[in-house]
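Just passing along the structure, written as structure tokens.
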Amino acid sequence: METVIILHLLLGFMIIGSIITIEIKNMLSAVIAVGAVGFIVSMAFLFLGAPDIAITQVIVEILSLIILIRATINVDNEAIEKKEEHVLSNRTTLIFVGVILVFAWFAFHSLRPFGEPLMRISNFYLIHGLAEVGATNFVTSVILDFRAYDTFGEAMVLFVSISGAFVILRRWKREQHKDFLRIDKEH
Amino acid sequence: MTLYFLDFVLLIIGLYALVVKRHIVKKILGVAIMEYAVNLFLILLGFRKAGIAPIFTKDMDINTFIHTAVDPLPQALVLTSIVIGLGTLALMVAMAIRLYERYGTFDMEEINRLRG
Amino acid sequence: MKKNKQSGMTFIVKTITNLIIGFMMVFGAYIVLYGHITPGGGFPGGVMIALAYILITLAYGRKVVESMVSGIAGSIADDFGALVILILGFIGLLIGGTFLFNFLPKGTPFSLFSAGNIILYNLAITVKVGMSLYIVFLALAILQRVVTEDETQEVRK
Amino acid sequence: MTALLPLFTAIPVFSAILLLLIGKFDKKNFPRIWSVLTSLSLLVILAVIWGKGTIVHEMGGWKPPFGVVLVSDHLSRLMLLIVNAVAFLVTIYSYIYMKKYEDYLRFFTLFLFMLAGMNGVVLTGDLFNLYVFLEIASIASYALVGYGVDAEELEASFKYLVLGVLASIFILFGIGMIYSVTGSVNMADIARFLTANNIADNKAVLMAVGLFILGFGLKGGLVPFHAWLPDAHSSAPAPISAMLSGVLIKALGIYPLIRIFYNVIDMTPVISTIFIVIGCISMIVGALMGSGQIDIKRLFAFHSVSQMGYVIVGIGLGTPLGIIGAIFHLLNHSVFKSLLFLSSGAIENKTGTRNMKELGGLKEYMPVTSGSAIVGSLSISGIPPFNGFWSKLIIILAAFQAKNMWAAAALVLTAFLTLMCFLKFLRHAIFGEASERVKGAKEASFAMVFSLVIFAVLCLLVGIFNGWVISNIIVPAQSVITNKLGYISSVLGI
């Protein structure tokens, strides 16, 4: 029973942390605040019985913090003071968000109650996992044998995003006819 | 229920940051928060009351293990989506750096205006 | 590791890095190799080993790390990691008739070689994830220095 | 036969990785030749498995609801035909076009990954697997849109990236909700569970439906979320905007909507009205905003939004005739829209500008390109002998048959607006007196002209033999869509 209380606490901290992330002025402290939210998420995974995911979350969290700090360290870190709300006036966003939250509240009531998952497929994994795959870590047996195609696809996702980042980051001197291609702005 | 709802509030906060904030890095942080919210939601779905991690150890009995282990399927999905989130984050930071190099500012409104 | 004084961070950070690197590599290798017995797996282990190299980059600067694992070697290792996964998939297709079929013997549950080619997948994913994240960090680091040079103040890198 | 299905994603990935390895030594010719061969081999495999009924491939040897399963029924094969045929012709086109950019090794790598991602989305029978391959194709297309690393391209690809990630997060949240209610991620198993327990009206499924419409609608460029499409499609290199408009928004946006709302969750009247309303708004807004454009690529991009509105209206009608019209228009749109974008690429390559006001009299200097552009414009505005006319006609008839007068009116109005807009394009760019920029231009090189001519001939042939095309390709796909129980039994084998 106390895990539910702890989880409520953690989720509360997460919400506070993300509000701090959004409203804080200095960019570096916003990145640190997101790191804090990430680590609380990893703690929540531990309480929810997912050690694999907690380890992965912590490690990926550290790496994304390093990459984010790398992006914001040498540039002007002050947020933009100019008028913030440009997309939607405050009232319409609040009404829109209010409607979504109310509908979500009723939708979540018709989900399975917290703590009783409908284990239709996972029971097969738990029963047959040890005999047919032989791995005692059932999450790994699901990842690398029952649903190996997902992990194959996901290893390729990382591969694509790395070569995509290289495409964006390559130093490339386009030939001088670049302005030739430019659409004439003054028309 | 309230856990799902609080998690959805976290998602809405990330969405708010993504849509309203003008600073590119704030948008990236908004995306990161939304990724956390979705991953946590998937794991919350798989939790079993008084459930243990789906790791079978020597001193366990297989039958009690099957009835108390937490659902391993959402964990497999979340492992994949965490790494996808890392991939998109790397791409976004690369683009943010190049945008800053080209436009000299992280302000999305400024960039839209300059782009004409 | 040759300790060139002018690049990298302060002396304290360097000594701490020397102490931590060994532990990080061993722990990463443990997580990868025992991924199918205890929590862990290819991804966290790979990222941990990449973090060890990134720590050296931060502490000692890019030159030191490039001498150990150069960008080209990293990208080739990255491609080989992905190729191994694909080849395992194709072998599974030939032997078992379905893509990514687990064709190796399953062994006894708690021993190291116990889950067929899960351990091979784990190793391939470790090499791939570790090397590709290391390279992308190098790319981000290189570009970052160019940006700062435009602002004509030499950042100690 | 079932062993061939995983090759559709494995071969492009394998050749992309090989490209990176061998490309380090030979940057110039190997990447281009190798990717043309790869897309050709995929077409050959498709020809081998073409007429074979529903083929199911269980990944890793596990029975469907427990492992990931690849399902190739008539609808998937139709989408595979669209994806791989356009990809093959675009690869030939970019054989010469990419000379303008020095480093095209990574271009072809990302192109092959995008192709693998789209094939993965179209073939998979598993909801989460669809999300993973949707991510592969999207991330590859984000990087490809920003390939020129120019100020505008970077800004356009960043906006596309942010909205794309937003859509993926909504889709994943929807998958989570469906998983919680039905306990499974396999599409056929979800469909069986929902029909067995007839809980299709419980609120969680309704919210998941909303999230799917939001997510896939954004990927498909429908109106409330089309903000990224004109910028991304106009600032991308021409072969990429042809792939994006011609194929990507269909394979990642429209196909999942069809598959989920016909084979997994029932198409309730509420959802069909939502589809029709979104479709009509997309049509009209796309056509209106398209008519005001000067840059020909932005004009084509806006018309992509309005043509997708046609398809969504056809699907929303729900009647067999409406679905036949929608799928036929999907096929036609991918042919003539890729043709238009490739011809705009050829024009831009030779005259250096995409501004309609500065072009003019292209028919003397670039006869073949302008000829194909004329064919493309006529078929998009629905002039009889060409393919666009027949599919628009079927959708309009379906709207009348379904007594949906609002949709029919919107359909006819948009057809008229599209016609006006493309006549303006033809008058400015192709006919009229030649501006000084056009005088120096000579015909595009052979590879580019080759794929333009093939697309134009396809437009004409499909237009003339539409009877054969409808009965042999479109009707089987439509029968798969409306036959939900058939899908469940063929996949799960019960």
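Letters A, B, C and D mark the chains as written, and numbering starts fresh at 1 in each.
One rule holds in what follows: a residue touches a chain if its C-beta (ideal position, glycine included) is under 8 Å from a C-beta of that chain, and two chains touch if they have at least 3 such contacts.
Only a predicted model underlies this, so the values are computations on that prediction, with no experimental measurement involved.
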Maximum centroid distance from chain D, chain identifier (CA atoms): C
Interchain centroid distance [CA atoms averaged], chain C/chain D, Å: 37
Length of the line joining the C-alpha centres of chain A and chain C, rounded to whole Å: 22
Between chain A and chain D, centroid-to-centroid distance (C-alpha), Å: 28
Mean-CA-position distance for chain B and chain A (Å): 2
Overlap residues in chain D, where contacts from two or more other chains coincide: 6, 13, 17, 20, 59-60, 128, 132, 135, 139, 142-143, 146, 149-150, 154, 157, 180, 185
Residues of chain B whose C-beta touches two or more other chains: 45, 53, 55-56, 73, 77, 79-80, 83-84, 86-88, 90-91, 93-98, 100
For chain A, residues that touch 2 or more chains besides their own: 51-52, 56, 60, 63, 67, 70-71, 75, 104, 108-109, 111-112, 117, 119, 121, 125, 130, 136-137, 139, 141, 143, 145-151, 153-154, 156-162, 164-166, 168-169
Graph class of chain-chain contacts, one of line, ring, star, complete, other: complete
Chain B to chain C touching residues, read off their complex: 53, 55-56, 58, 79, 83, 86, 90, 93-94, 97-98, 100-101
Residue ranges of chain C touching chain D (in the complex, touch as defined): 72, 75-76, 79-80, 82-83, 86, 89-90, 92-93, 96-102
Touch list for chain C against partner chain B, complex: 38-39, 41, 43, 109-110, 129, 133, 136, 139-140, 143-144, 147
Chain C residues within the chain A interface of the complex: 31, 35-41, 43-44, 47-48, 50-51, 54, 58, 78, 82, 85, 89, 99-100, 102, 106-110, 114-116, 118, 121-122, 125, 128-129, 132-133, 135-137, 139-141, 143-144, 146-148, 151, 155
Residue ranges of chain D in contact with chain B within the complex: 128, 131-132, 135, 139, 142-143, 146, 149-152, 154-155, 157-158, 161-162, 165-166, 168-169, 172-173, 175-176, 179-180, 185
